[in-house]
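Next up, some structures in structure tokens.
Here come two complexes built around subunit A, the first alongside subunit B, the second alongside subunit C.
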Partner chain A sequence: MQALAELKEQIRQALPDLDVVIGWQQGYDALHTSPLFIRSEEDIDKLVVNEFCVVNPATYLREMRGGKKVGLVLKGCDSRSVIQLLQEKLLKEEDLTIFGFGCNGVLNHTKLQARFGDIGFITSLENDGTNVTVEAGDKKETVPFTELCADKCLTCSYPNTLQCSHFAGEESAKQADSATDKALEDFEKLTMEERFTFWQDQMRRCIRCYACRNACPMCVCKDHCLANSREPKWLSEDVDVQNNFMFQLIHVMHLTGRCVECGECERACPMDIPIMLLRRKMAGIVRDVFAYNAGTNAEETPPLMCFKVEEPTIEERH
Partner chain B sequence: MRIGVFICHCGSNIAATVDCPAVAEQAKGLQDVVFTTDTMYTCSEPGQNEIIEAIKEHKLDGVVVASCSPRMHEATFRRALERAGLNRYMLEMANIREHVSWIGKNKERNTVKAFELVSIAVAKLRNNNPLYANKFDVTKRVLVIGGGVAGIQAALDCADAGYQVVMVEREQSIGGKMAKIDKTFPTVDCSSCILGPKMVDVSQHENITLYALSEVEKIEGYVGNFDVQVRKKATYVNWDECTGCGACMEKCPSKKNIDKFNEGISKCTSINIPFPQAIPKKAAINPEGCLMLQKGKCGVCAKVCPTKCIDFEQKDEIITEKVGAVIAATGYDMFDHSVYKQYGAGQYPDVITSLQYERLMNASGPTGGHIIRPSDGKEPKKVVFVQCVGSRDPSVGRPYCSGFCCMYTAKQAILTKDHIPDSDSYVFYMDIRSPGKGYDEFTRRAQEQYGVQYLRGRVSMIYPKGDRYVVRGSDTLAGTQVEVEADLVVLAVGAESAKNAPALAEKMRISYDNYGFFMEAHPKLKPVETNTAGVYLAGSCVGPRDIPTSVGQGSAAAAKVMTLFSKDKLESDPQVSSVNTSRCIGCMKCATTCPFGAIKEVTDRAGNVKAEVIETVCQGCGICTVTCPQGAIQLQHFTDNQILAEVNALCQAQLDF
Partner chain C sequence: MACKFISHEDTNQWLEALAKDHVVFIPVDDGGSVTFRPYGEGRKPVLDRMPVRSPKEAVFPQNETLLTYKYDKDPEDPERTSVRIKETLPKERAVVFGARPCGTRGMTVFDSVFVNDRIRDPYYATRRENTLYVTLACHEVESTCFCHEVGSGPADTAGSDVLLTPVQGGYTAEAVTERGEKMLEASFFADGGDKCAEAEAVKKATREMLGEAHDFSNAPEALLAVFDDDEFWDDQAAACLSCGACTYLCPTCYCFNITDESTGTTGKRLRSWDTCMSFQYTLEGSGHNPRTTKGKRLKNRVNHKFAYFPDTYDQHLACCGCGRCIKSCPASIDIRSIVKAAQARSAQKESK
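Up next is the complex of A and B:
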């Protein structure tokens, strides 16, 4: 792959000035990648860039706050979380080197599993960008990419890494398949009672493992998360519908005007709870009210990080 | 904890629609409540004594009073607690009057709601902690913004009381609108004769520092300790040297500048002293008209100036002043009548505003006090006054009454007769608003003694006919349309908020209404205070005011400042935010959202960034507390735990009565 070779060369040149470069490497099988922390020349060749590079490397940045020079290989969606953190002044631009490339979308393991059974039985997978041909056991099937890709890729309008220091390969010309999220549209067709029942059922399944929180690149509170606090005490440790839902709503509120919809929370959820619905809803509200898209412009002030007597986008006086 | 609950009947205000004894009885079952009672008037002396006795007898360490809005009596009950030896913040109030008894008639449901509010208050009180105020120093200097009659009065009163005053005036001279007026109603005494000495007092008073042609750039800080930045605009004249001799004005070749002081009815030179009684009596150059500043050649003024004080290189200057209080007396502006197309949209030369007419009548005005038509300089024999131009007219966004136009129109009609005995005056009015000492008698005198024709109705149209104007309107008392031919038409334009008043309000962190007038802390009981401690109001910046009211308010605001300055130390409100540094991750989101700049970044001993609240700057708005994702910053007396306890109490199962 042209982009991969270029990326490796760019990283090779930049590495002497960096403490670490975070990217992806081959995971325990062909269908998985795991995070790669490049600290020496030998590590560079382990780098892979493919449709299984689902993890957002920006998630590891919160551990790196303070002085370290970090390089990041980022998809377009991942780069938005870095920009948002820059906007919030939680990162310093001079500490970061971003290696960008054009992304054509990533696959969703849950969808693969739903379609072909246990992923371990998949013997080969070919992706030509529009169709995915999968061999599992004695079956061979060709499925449109859009049926197997991550939900975020369907509405993605940032396939190329934003504000990167280096860009490798050709830009992706991938277009969003639709402007609005179908799952959210379908959900909003439900009545209020139906929605409430839906969330009660979902929240009953939540085991409060906090994987969603730990995978979120925007959750920067580390050990001081409100969910674990006794003073103030917003939540009890009980794993019940009420406390689980409260936690999820607190998480969404804390992401208001910050969430870049990278989808890491939902991907990390071992119970496959569709919590991205809540985040997409909130991001939509922020777009409507403040005309703001999180993490797309490092110069912009996030709407909830300033005080204005009157918001230019809100009609307050009549 | 031992909590006492007092349910007030407020006579029949509450008791008529709430079963107060039942609420008191039910409240006995709430956690930590050891004493409950219901009283006729808890705020009365026996009511307060009952609280004090109950605290002593039952060893209470917290009190809930269910009565009216805390805006009414929170201070009353806090003092009662302090008299009994409790901390004032161990009081909670449940508003069962405005929130319950006055808004619902169903006694059963009202009683349930009253009990719910009481249980919320008890739940909060169980999470309350005693809070203590800190003391801080007061800078005993006052900033007066605006040098009109209200500002002058406020400044003189404060200065006479021995306090340093900084007065900032936007125009070249103080005096405001009153300096432009010829005579004042209802006494018809000369405006500049009564204002002039006060203006001189301002310039001579050793305690007053006057910055004319200056504007307030920035106000930071808090009551007792404001830091003010004043932009002193370039006058191109060194005012320390200028004697106000006027030699420069005589020789200045650029004579076609619009004379702002004379409301545009005459022209003036580029270097100018606006009027003979101006304070300070110093010349200033209007850079737009000055040939030297525009084209680089002329400099005649510099040649003729006997003190050589002309300085074409002068720049705006920023001056910093420390003050403890601010009085805003920024006045008003006249309504721009050009929106009234039917009145000629400001295009007819002899359709003028009342303030322009005032300058025509004024002996120190451009005509030396001779009333003439601006178009041909002839003496008008028939003058029509049109009232409510830009007042009481929702169609131009001015639904309010400007208050003083009825009176000044009557005065101008009377003076017209004095100036031109063979003239006739007509007044088109909607209603005559003359509620003041001697005011109604004055308007009657205009009609009865001076023969001014009052026609009740609005004017629909003014149009030229020959060299005169036809004023067409309705006479609603006669039920007919009337047309009056006039030599001169005077539009009694209303008052509107001063230009940039909202921007200044935001600098002072006070509120303003839809029209840009500043908001009082309470329209009846706190007419010169604002919701920002240490900022006071006087005169027409609050709404249209006549001279006596403006002067009264100037003195009132000064009295408030003196009250503030009578203490050497002020007590800070402990209901401010505070940071739990062990929870703070130093993201500083609190600082970016704080409207008051009350949060600063500090570094702890381990080198970690932490937020710190400047207690005296914090206004307790709570924006930081909802911004902080870790809940590390908490507003004292409104902590997350206190509010969560209230929510939990509200969500408990309802009780049956």
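Up next is the complex of A and C:
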């Protein structure tokens, strides 16, 4: 991989001026990577870039505020969260060094699991970019990449890291397979009653582990989240439909005009609750109302961070 | 142990019969993930995947109501209020069907803590006494399985009342406890015959699939030797997102919190799962927390299982090797590699 070699070289050169560079390393099996925190030369060789680099390294930025010089290896989708945070003035550009590359999409473990039994039964996986060949037990099957990749990759218009300081390898020419999210489209064909029943059933499954919140790069409140606040107490410790729903809706509302749809919340959910449906819906509304796509232009002011007497995209009747 | 046989068809009949006077928790496909839910309403057991949630919740639910209360105002003197309290002990009898040996073994960790010479937790004890575990031995292993490294195995009977082993056409059934023996008196069970040898072969083959076991026997000393090594723990915890997935899904994590949840003048005192991954864990009323960083919190999770528990209770590790914490971790943190790293680090320190 040309890009990987280049990335390593770029990191090697930049590392003396940085406290840490966050990327990915091989995980406990062939199907997993885990975040890598590069602090020394020998850490650089552990870096991997592949279709399992799912974690958004920008999520760790909230722990690194306070003048630390941080390098990040970011996919296109990940880089949008950094831009949005810069727009919100929660980060300083001079503290960041972004290492970019062209991404051809990541695989989704939940889809792999649904197709091949448990994820831990998969013994080998090969991806040529178009097709994925998976071996699990005595089963061997070749499946189109688009059936196993993350939903966000199907609608991705930013396969190349945005606003990066260094770019390695060739740009990805990957095109979005569709402009709209199929899961959301299908969902919206349901009646309101059916949708409500669907969410009630999904919220029953939530265990309130807060993986969705903690994996979200935009959830910057850290230990001051109202879900944990005891005084005042907004949410009961009761893990029931009502309280889970309340938490999930608070989460979505707080991401209005901020969510960059990186999909980390849904990926992190151990119960595989499709909470991206809510995020995509909200982001779609923001696009419709404010013609704003979160985290794509650092010069732009997010719509909910300013007040305009006349919104150019909203037609008001006087 | 006498070995009996039950066919697939009869297994469903048996569940049906058990469900008449028990809540029978079976693993079901619940929106794509396998969780334990009460038998009935057309639910079919899913037995070829390990449940995401652990079998502990049948005895130690995420929320347990300890008591309910109601405040009454004195109509003569509204300044004065009295409170009425009602204790709520769980009553239902339950069966947990189809948990894996690792998950069920987790109950033995609970048993040591909640029912011992000094303490008998009435909520836990009542549910435990009223719950039967019919466990299913494994015939496949996953990349996250390591029961064989923590003193267990794919056909472990610890914590179970009955152990089923998958064979051609059904399961062999062995009673582990007297209660289990009683269960196997049901008419659905036939003599095991040559199925028993087949079951033994399945058990042996599964154990072989797991391969050689890493030796964790010096883990308690090794972990304590690096107790003050903040750099080590910060390093191990760097990728941790501080969510509660690992602890909530763990079959042996038993930490809890108690809160009063009020609505107006009525309310309930609730015992809920706590998680040492949270900044609120051991947060004191003063605002001080002895565990100030996520490194220190991760240390608690690992050490509790591999050092504190074995030191406090008869040398058993409080990890059952099911791998849920690894598999469900959004950052793919691997508890096995943390303990191994501690073993290596302490050996290195010693040799200096």
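FYI, the second predicted complex is superposed on the first by the 312 of 318 C-alpha atoms of A that agree within 3 Å, B and C clash if a C-alpha of one lies under 4 Å from a C-alpha of the other, contacts with A are read in each partner's own complex, and residues count from 1 in each chain.
The rule is short, and it goes like this: contacts are C-beta pairs under 8 Å (C-beta built on N, C-alpha and C of every residue); 3 or more make two chains touch, one makes a residue touch a chain.
Nothing here was measured: the structure is a model prediction, and the numbers come from that model.
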item: Clash or fit, subunit B versus subunit C on superposed subunit A; value: fit
item: Partner chain in contact with A:Met271 - subunit B first, subunit C second, else both or neither; value: second
item: Which of subunit B and subunit C A:Arg205 touches, first, second, both or neither; value: second
item: Partner chain in contact with A:Gln242 - subunit B first, subunit C second, else both or neither; value: neither
item: Touched partner set for A:Glu88, first subunit B, second subunit C, both or neither; value: first
item: More subunit A residues in contact - subunit B or subunit C; value: C
item: First, second, both or neither for A:Gln2, with subunit B first and subunit C second; value: neither
item: Touching partner for A:Pro232 - first (subunit B), second (subunit C), both, neither; value: first
item: Subunit B versus subunit C as contact partner of A:Gln13, first or second or both or neither; value: neither
item: Angle, in degrees and to the nearest 10, that opens at subunit A between the C-alpha centres of subunit B and subunit C; value: 120
item: Subunit B versus subunit C as contact partner of A:Tyr28, first or second or both or neither; value: second
item: Touching partner for A:Leu304 - first (subunit B), second (subunit C), both, neither; value: first
item: Gap in Å between nearest CA atoms once subunit C and subunit B share a frame through chain A; value: 8
item: Contact residues common to both interfaces of subunit A (with subunit B and with subunit C); value: none
item: Of all residues in subunit C, those that touch subunit A in their complex; value: 30-33, 35, 48-50, 52-53, 62-63, 140-145, 235, 238-239, 241-245, 248-249, 257, 259, 261, 270, 272, 275, 278-280, 323, 326-328, 330-334, 336-337
item: For the subunit A and subunit C complex, residues of the former touching the latter; value: 27-29, 31-35, 37, 55, 59-60, 110, 114, 117-121, 137, 201-202, 205, 207-211, 213-215, 223, 228, 236-240, 264, 267-268, 270-273
item: Subunit B residues touching subunit A - in the complex, by the definition given at the top; value: 506, 514, 580, 583-585, 587-589, 592-595, 623, 627, 629-632, 634, 639-641, 644
item: Subunit B partner contacts - residues on subunit A that touch it in the complex; value: 88-90, 220-222, 224-226, 229, 231-234, 254, 301, 304-307, 309, 317
